[in-house]
Each structure stands twice: as structure tokens, then as C-alpha cells.
Amino acid sequence: MPFLYNRSIHFADTDAAGVVYFANMLAICHEAYEEALAAAGIDLGSFFRDSAVMVPIVASEASYLRPLAAGDKVSVSVAPARLGEDSFEIRFEISKVGPRGGKTAVRARTEHVCIDAKSRARLALPPGIAGWILAC
Amino acid sequence: MPFLYNRSIHFADTDAAGVVYFANMLAICHEAYEEALAAAGIDLGSFFRDSAVMVPIVASEASYLRPLAAGDKVSVSVAPARLGEDSFEIRFEISKVGPRGGKTAVRARTEHVCIDAKSRARLALPPGIAGWILAC
Amino acid sequence: MPFLYNRSIHFADTDAAGVVYFANMLAICHEAYEEALAAAGIDLGSFFRDSAVMVPIVASEASYLRPLAAGDKVSVSVAPARLGEDSFEIRFEISKVGPRGGKTAVRARTEHVCIDAKSRARLALPPGIAGWILAC
Amino acid sequence: MPFLYNRSIHFADTDAAGVVYFANMLAICHEAYEEALAAAGIDLGSFFRDSAVMVPIVASEASYLRPLAAGDKVSVSVAPARLGEDSFEIRFEISKVGPRGGKTAVRARTEHVCIDAKSRARLALPPGIAGWILAC
């Protein structure tokens, strides 16, 4: 079952068009990914700064379907899926919650590959991440 | 009593020094201000986009006492005080919560002035804001 | 011929992994798009805030091929192409310049649709944008 | 003589009020600081990531005097001054350039302290930084 992350749209997320800046939508998705990892008991501090193993994002795509404005309450669903020994994808949907909510505002996807921080050779996913994906 | 806002430090808040980028500490304070207004029943959408009246920040100051890293849980206290007919200040403290928390990481202050959006002449604070400050 | 935009990687672009945060790569592409429009004589102030016509980004995709760090000098190529009466895409490539540069660090694509700001009905591209695309 | 850094205001710098978000003004100042160091021959990559010595910002203050909008061209002056063996301040002024420019939009100040990355004990400024301040 996808993890759900609730959040308000902040003023800093928006731009002069009055709505969330497109690239900030991806940052909101990454926030939801971090919260999903934390909820699964994975320590973010060591996960993102472990000097030996890294899991960078190698690709992203997004469809921006409806604008979001400061003060809007949104829910972000986070659905990871294994792609191979050393990689996985996450599918995200951001929807406005509340009286006029429900419809998807953004649909996004990120692709992650596990590598050795020094050689940048591909490595099998760490057990914590592999377990989180299995459990979703 | 100051409003308290709880939040995790996200990866997007940090920089290559491994901790929160100094200017993002002020953005976290502004987020807490927005949440305080929302909790007081003030509609952020219209507050920040009302075409006739604006309440821009005219000054800020901050002391960065302790670094914060991705995954840290913080609490932000928001204490507004009236400065005059048309202005107020907010004092913020960001503290890490949890086993090694408690000490203040950032102490900040912002100053806000109410103006007419067109003429930029100073205006008395709107009742919603004035009431929020009184109630704190 | 694609427009070229040169820029340094700033500290604010990076995160605790020591390199540019993935979503900020798209923000750097958008910066290059703005500079391309400005170089073509299009006034950004009115373009992005014109109340009647808007040209929002409806989709983005990116491949993050090589990391970039604070202090790196990069060149961003901006190649727009018409998709229809009311839409266009832009292809971006971010490459490091200098002694160890040349290889593409990021390849990205954004899709833009022209709409009526009120009804959100699709509109033909404004002449300024259409002319910019033709001239590239 | 203060270092001058020229830059356009980008869409990502703005918020739904249509002008630059207050905290982003400080990020623009930091960009100018980075460009001043680079122009003085200081390698940013090693300066900001040197594992033994760090020069964090311990305080900031800013007055936001005039709004800036996307497309505005600004000039940022960077004037550092030694405060002690282990610390310095930088005074910044952001001004709009061009036909209606000239007046200061933002006046800011940051305070920097050199510390040992592990013990966080104060250290004398590194020669590169000390030399840059002397030469300004």
C-alpha cells in the first residue's frame, strides 16, 4: 500500500505565477520519500550521508495537471517498486485534500540506482531499502 | 503563548556542508508563521495574495547557533508582538527535539509592515492579524 | 542553433550529498530558458505575469548522468521546438565546462502549453514565443 | 573596493506575492560571496568542503527596502571586513541596474567564524580568506 504524506503548500514553494514552481513539485515528492523511509525506521542521516554507498536519482519525470497555491493542503502518495538488483522506481501522486480536493495535481516518477560512492560501480540495494520496497 | 510548529529537516534544506543552508533557516521560520496564521483561522490564500493590502517583511535577523541535518526533528516557536499601528515583529526559535535535543539551534526575528499594495503607504494592520497577535 | 547559458554552480544548489539536488537541475534549466527569452527581447516581467495568457509547464523529464558540485562552471543549451498551435517543448543539456568538462551532466525536457488564464482553454502561442522558437 | 556581482532575478527566486522571497535575497548575497571568492582565486570546491576547517555563517541581518521582480537585473556589492583573528563580516547591497535602477533594494550583513570541523573550536582564518579580505 502506498505511503501517504500530508503537507501544506508553503509560500516558499510558489513563484510569481501564484502557484507552486514546477521544480518544487519534485522537491515535495522527495520530502514524501524521506518521510516514507523515516516511517519505515530507516535513519535518514546515515542513509543519505553514508560514505560508502549512495542511492542517487538517475531520472525523473512529472506531469503537472493542476496548479497548487500557498495554503493548499496536499496528500502525497509514495509507491516504490523494484526495477533490478541495484535499482528501483517510485511513483508519486500529489492531490489536494479538502472540500474541493481529490483530483490528482501532479503525477511523478523517480528512478534510483545504488552505487559505490568511490568507484560509482552499481551495487545491490541495501537491505533496509529492499525491505521497505517489499513491504509497500 | 508562542505557537509551536513541528517539522523534519528535509534533504532540500541542506547544502554541501551537510547541514541546513543558512537562508533556508529563515524559510523554515516563515513556514512556521504560515502554520500559526492557518491555526488561527486566517486564510493564507487570500492573506498573501490580497491585491489591496500587503504585509511584507522589511527586516530579518538570525543567529545560527547549532547546525541541523537531514532527518532531524525540530520544533519552531513563533512569538509575534505589535510594534505600532501598522507593524509587528515575530521572534522565532528553532530547536531540535528528541534525545539530544532541547538546545536552541537558531534564534531569528522578522519585522512586518502593512502597506497599501498600490501606493505603498502604511496602513493599520488588518483585524485578523491584529487579533492573532493579541491572542498569542 | 541552441541558446547557450553559462553559470556557476552555487552552494544553494547543492544538498548534503555534496552535489546539486536533483530538482534544482530543473530550476537551472528554467533559468536558462528565461535567459534565452530575455536574449530574444521578450520582457520576462510581462511574459510571466501577463494576466490574460499563461504558458505553464505541463510535463518535465530529466536524466541525471553526472554529479555537479559547488564551484563547477556549466553551460546549458536550450533548444525549443514547436509541438502544435498551442504548445512547444524545450530540450536542455547541462555540461561542465573547463579542463575536465564536456560530457553531458543532465539531459532534460520540458513541455509548455499556452492557456487562457481564466478559462484555462488552450490558446495559440503568443507571437513573441512563436518567433523565438522559429529563430532557434 | 567592494566586489560587484551582476545577476538577473529568476522566476525561482520569486514567490506568489510576485517579488523575490525574503530568504532568497540572502541566498543571492551568498552567491555574490562565492563569486567574489572565485574571482580572488579561491577554489570553492575545496573551500566549502574542506573536512578540517569550516567557516560557517553565525549571524545574518537584512533590510528589505524595495521589491525585486523576475527579469530585473541587479548588482550585488560585497564588502568584507575582519572582525577578529577567527572571524569576519560581509556587507552586501543589492541594487537594481538599468533605467529605473540605482536605489538600494536590500542591505544585508553576514558574520562568519572559522572553526575546526571536529572540535568546533575557533581557528585563525585560513590565509586565502584573510588575503581576500585584506585585498578588498
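Going in written order, the chains are labelled A, B, C and D, and every chain counts its residues from 1.
Here is the rule we go by: a residue touches a chain if its C-beta (ideal position, glycine included) is under 8 Å from a C-beta of that chain, and two chains touch if they have at least 3 such contacts.
Since the structure is predicted, the reported quantities are computational estimates derived from the model, not experimental observations.
Annotation: the B-D interface is duplicated by A-C among the options A-C, A-D or C-D, judged by over half of the residue-numbered contact pairs being identical. Greatest centre-to-centre distance from chain B is found for C, with centres as Cα means.
Contact tally for B-C versus A-B: the pair with more C-beta pairs in contact is A-B. Averaging C-alpha coordinates per chain places the centre of chain B 32 Å away from that of chain C.
With centres taken as mean Cα positions, chain B sits 26 Å from chain A. Among all residues of chain D, those that touch two or more other chains are 11-12, 16-18, 21, 23, 27, 30, 48-49, 69-70.
Chain contact summary for the complex, chain B toward chain D: residues 16-17, 21-24, 26-27, 30, 48-49, 54, 56-65, 67, 110. Note for the complex: chain C touches chain B at residues 11-12, 14-19, 21, 23, 69-70. By the touch criterion stated above, chain B contacts chain A in their complex at residues 8, 10-12, 18, 27, 30-31, 34-35, 38, 43-45, 48-49, 69-72.
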